[in-house]
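Naming follows writing order (A, B, C and D), and every chain is counted from residue 1.
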Amino acid sequence: MINKTVKDGIEAVSDIENGAVILIGGFGLCGIPEASINALLTTNLKGLTCISNNAGVDDFGVGLLIKQHMLRKLISSYVGENLEFERQYKVGTLELELIPQGTLAERIRAGGAGIPAFYTPAGIGTHVADGKEVREFDERLFLLERWIKADFALIKAWKGDTAGNLIYKGTARNFNPLMATAGKITIAEVEELVPVGELDPNQIHTPGIYVQRIFQGDNYEKRIENQTVRK
Amino acid sequence: MLSKKQIAQRIASEIKDGQYIYLGIGIPTLIANYLPEQLEVVFQSENGLLGIGPYPEKEDMDPDIINASKETISMVKGSSLFDSAEAFAMIRGGHIDLSILGALEVSENGDISNWKISSGLIKGVGGALDLVASEAKLYVAMHHCHKDGSSKLLKHCEMPITGIKCVQKIFTDLGVFTILPEGGFKLCERAPGVTIEEIKAKTEGRLVIKGEIKEMELFAQD
Amino acid sequence: MINKTVKDGIEAVSDIENGAVILIGGFGLCGIPEASINALLTTNLKGLTCISNNAGVDDFGVGLLIKQHMLRKLISSYVGENLEFERQYKVGTLELELIPQGTLAERIRAGGAGIPAFYTPAGIGTHVADGKEVREFDERLFLLERWIKADFALIKAWKGDTAGNLIYKGTARNFNPLMATAGKITIAEVEELVPVGELDPNQIHTPGIYVQRIFQGDNYEKRIENQTVRK
Amino acid sequence: MLSKKQIAQRIASEIKDGQYIYLGIGIPTLIANYLPEQLEVVFQSENGLLGIGPYPEKEDMDPDIINASKETISMVKGSSLFDSAEAFAMIRGGHIDLSILGALEVSENGDISNWKISSGLIKGVGGALDLVASEAKLYVAMHHCHKDGSSKLLKHCEMPITGIKCVQKIFTDLGVFTILPEGGFKLCERAPGVTIEEIKAKTEGRLVIKGEIKEMELFAQD
């Protein structure tokens, strides 16, 4: 089957250009594409639009891209834990588009699935509905929401094969599978890259068709945002 | 007046066997601690898990297994994992039976405000906006008043709202209230030692009191 | 975890009423809920609306329900292999609604996911678009399509646990997972019912929340429609 | 005039390394037999499989592993399985590079008719309607004429159509044609021994012939 392996994050992100729109997987710091983010940090890219559920924290995840002033715009559902974001937002150098989490997920899924628009109940009667079409179906009101697609999707899986088939682990799955479908170029990094044929076809979460490049990352930090233990 | 734990304890007694439940952060999270052992309920986490278990032992902490508050957790037997689109398909599609959320304000017609706002900036809302728009039953757990003493049970919400006409029941440190179809907070129970006068004084929206209002019973130990 | 086990198909379908709308999983004869269909055949139900990708064949699958005159209406994407269907259709006792396969799948998925309507490119310029709203997004035309929900969904999986978590096998997955989400009551039959905790949470295809009743079927015939072998 | 197998053989030479391909029933199915060994392509089956392999040995037939024609098949190394919503998300979302379908008629502006119709009844269309509406490149493989001798390359389709302005290239027993942006079948190659006059006579829609039209080369053996 088609071999999509690239050497590392540096090679994987090498053709991303200034102003690109990039989906970045993960929820908080869980399941984020650490190696691709680190590779982006070695570039001088500017003016990126980043679509990611969270803004990361100041010194990890998407936060690192913000700290290095690489983003022009952030599209997220929650940006609570990033002070540098707040600073740049207040001086006006970083734009924010806040999208409810479920709507964000569905819009990305729609982008990958060729659905240009759909109706959702989320946001009716709130400022989320401002400027959007409202329509009644079956005696309830719904908002029209559009698909989201991107130039690149940077995602992280647990295991992958050289054909781009992916398996995630635990709640590190989150936004990664949907984002994989909505990037024109999807770059997957995995903890373990195996030869084609080693993954059970019945257990694959992301079919390889969605992945254009794959590499095995190393030294995953997997930082925990809130360590909580049984008392 | 109830403590946060007692509010959680009171809500726990409303939960029915077999329910799929979403617990928001804050007081709702505490509810899991007060459920009777024999009750079979499943907690959903919007980041892709059905079957949230207790916090793990220190040696079992796994950065790949967290809840929506980004805390390390464990998974109960019979859990399932999925992606964020599926997590919200489940929420939006009305498959969750009961959501219990915190709130900044609730209006007398059942509107709710619970955006995370800090230093004047709306920082998001997590999965709450989708939950309140779904067909799941919605309970609110919160303090009756803000720290400055002003009421959180209002005629109209003053902060940006998360959903309209969606709250069914409110559990505060002062009592239990249902939202009437025609609008208004119907007082159902008083917290031990709390008078109707106090509740009246601390409720800005329309308060409806009919018949005798019992003092609530709290069975579970804290 | 919540135990959803029922004894068998007979018990599982016992509260289905005349005129009910029922989703039936499978593609052709692959992955069909054989035991639930057989249980339906023991009832005197009439006037059912059945939503299934195919009409089965005359003597297997959905075809058996047609043969016994239990259906008032069939909603399918392809009805090529069923002559009894054709006979009832021509005398006017059985109604047919033909929906393109991808649109059928997406409408059912939408029903489960709380999306009342969405736009799709499939059918633009064809008779499928008759009477439907056409709208332009990004300089292409799309059709508005509505969600599908049903009173019951009868589905078939490979393994399942008592909490309703399901794993499918091979291409027998097909419509089953989406239909599981769109039935008010979803009845899952499995080849092997295991205690809760035996299935890997990371490999579950249908989370138990979508399943209201589950039972282990027996004597699966799994008829093959077209036996093809290497020459 | 080409046999079905030769049409398939001719199309096979158009396929590029690394493509994800959908093959419709009829002539398209045969194409898989004529691909050079070293070509890495993946075939999708709309019932939930990427990586269709050859028919299985008799003892390996598995009723749970079939293609969209309900035939028992095998899976190649690196396959993946998914549900029908995902299969069509893949198709509709433009992730398939190339679709090769049979057709009853094609019009000079690229419309296609390929509903299954028998005894006057439309019986469905399988995944074709979604494929032709997607952004995948679309090739048609068919006989140039119906059995009664009437042309299948028409000014306008007469049968119910499956998609509009979607066909890029047509491979028939007489030749290879592209659809011009302004409408019209542009003849690219003649089948061995077929004259331009014969193609003219058998093409009802606007036929465009520019410059010298070469006879096609067929390398593969049958």
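In the analysis below, a contact is a pair of C-beta atoms (placed from the backbone, for glycine too) under 8 Å apart; a residue touches a chain by one contact, two chains touch by 3 or more.
What you are looking at is a predicted structure, and each value in this text was computed from that prediction instead of being measured.
Undergrad: Measuring between mean CA coordinates, which chain is farthest from subunit A?
TA: D
Undergrad: Starting from the mean Cα coordinates of subunit B and subunit C, work out the distance between those two points in Å.
TA: 36
Undergrad: Please report how many Å separate the Cα centroid of subunit A from that of subunit C, as a whole number.
TA: 33
Undergrad: So, what's the distance in Å between the C-alpha centres of subunit B and subunit A?
TA: The computed centroid separation for subunit A versus subunit B comes out at 29 Å.
Undergrad: Name the residues of subunit B that each touch 2 or more other chains.
TA: 49, 81-82, 88-89, 91-92, 134
Undergrad: List, in ascending order, every residue of subunit C touching at least 2 other chains.
TA: If we look for residues of subunit C contacting two or more partner chains, we find 106, 109, 113-115, 120-121, 168-170, 202.
Undergrad: Considering every pair of chains, which are in touch?
TA: Listed in label order, the chain pairs in contact are A-B, A-C, A-D, B-C, C-D.
Undergrad: Please give the residue numbers of subunit D that touch subunit A in the complex, ascending.
TA: Where subunit D meets subunit A, its residues are 17-18, 20, 40-42, 44, 49-51, 75-82, 86, 88-96, 134-135.
Undergrad: List the residues on subunit A that touch subunit B in their complex, please.
TA: For subunit A paired with subunit B, touching residues are 27-31, 53, 76-80, 86, 89-90, 98, 100-103, 105-106, 108-109, 120-128, 158, 168-178, 205, 222-231.
Undergrad: Show which residues of subunit C lie in contact with subunit B when the two form their complex.
TA: Touch residues, subunit C against subunit B: 1-3, 109, 111-115, 161-163, 165, 181, 196-197, 201-202, 204, 207-210.
Undergrad: Any idea which subunit C residues touch subunit A in the complex?
TA: Going through subunit C, the ones touching subunit A are 106, 110, 113-121, 135, 137-138, 140, 142, 146, 167-170, 202-203.
Undergrad: Give the list of subunit D residues in touch with subunit C in this complex.
TA: So the residues of subunit D touching subunit C come out as 45-49, 54-58, 61-73, 81-85, 87-89, 91-92, 111, 116, 118-119, 121-127, 129-130, 133-134, 160-165.
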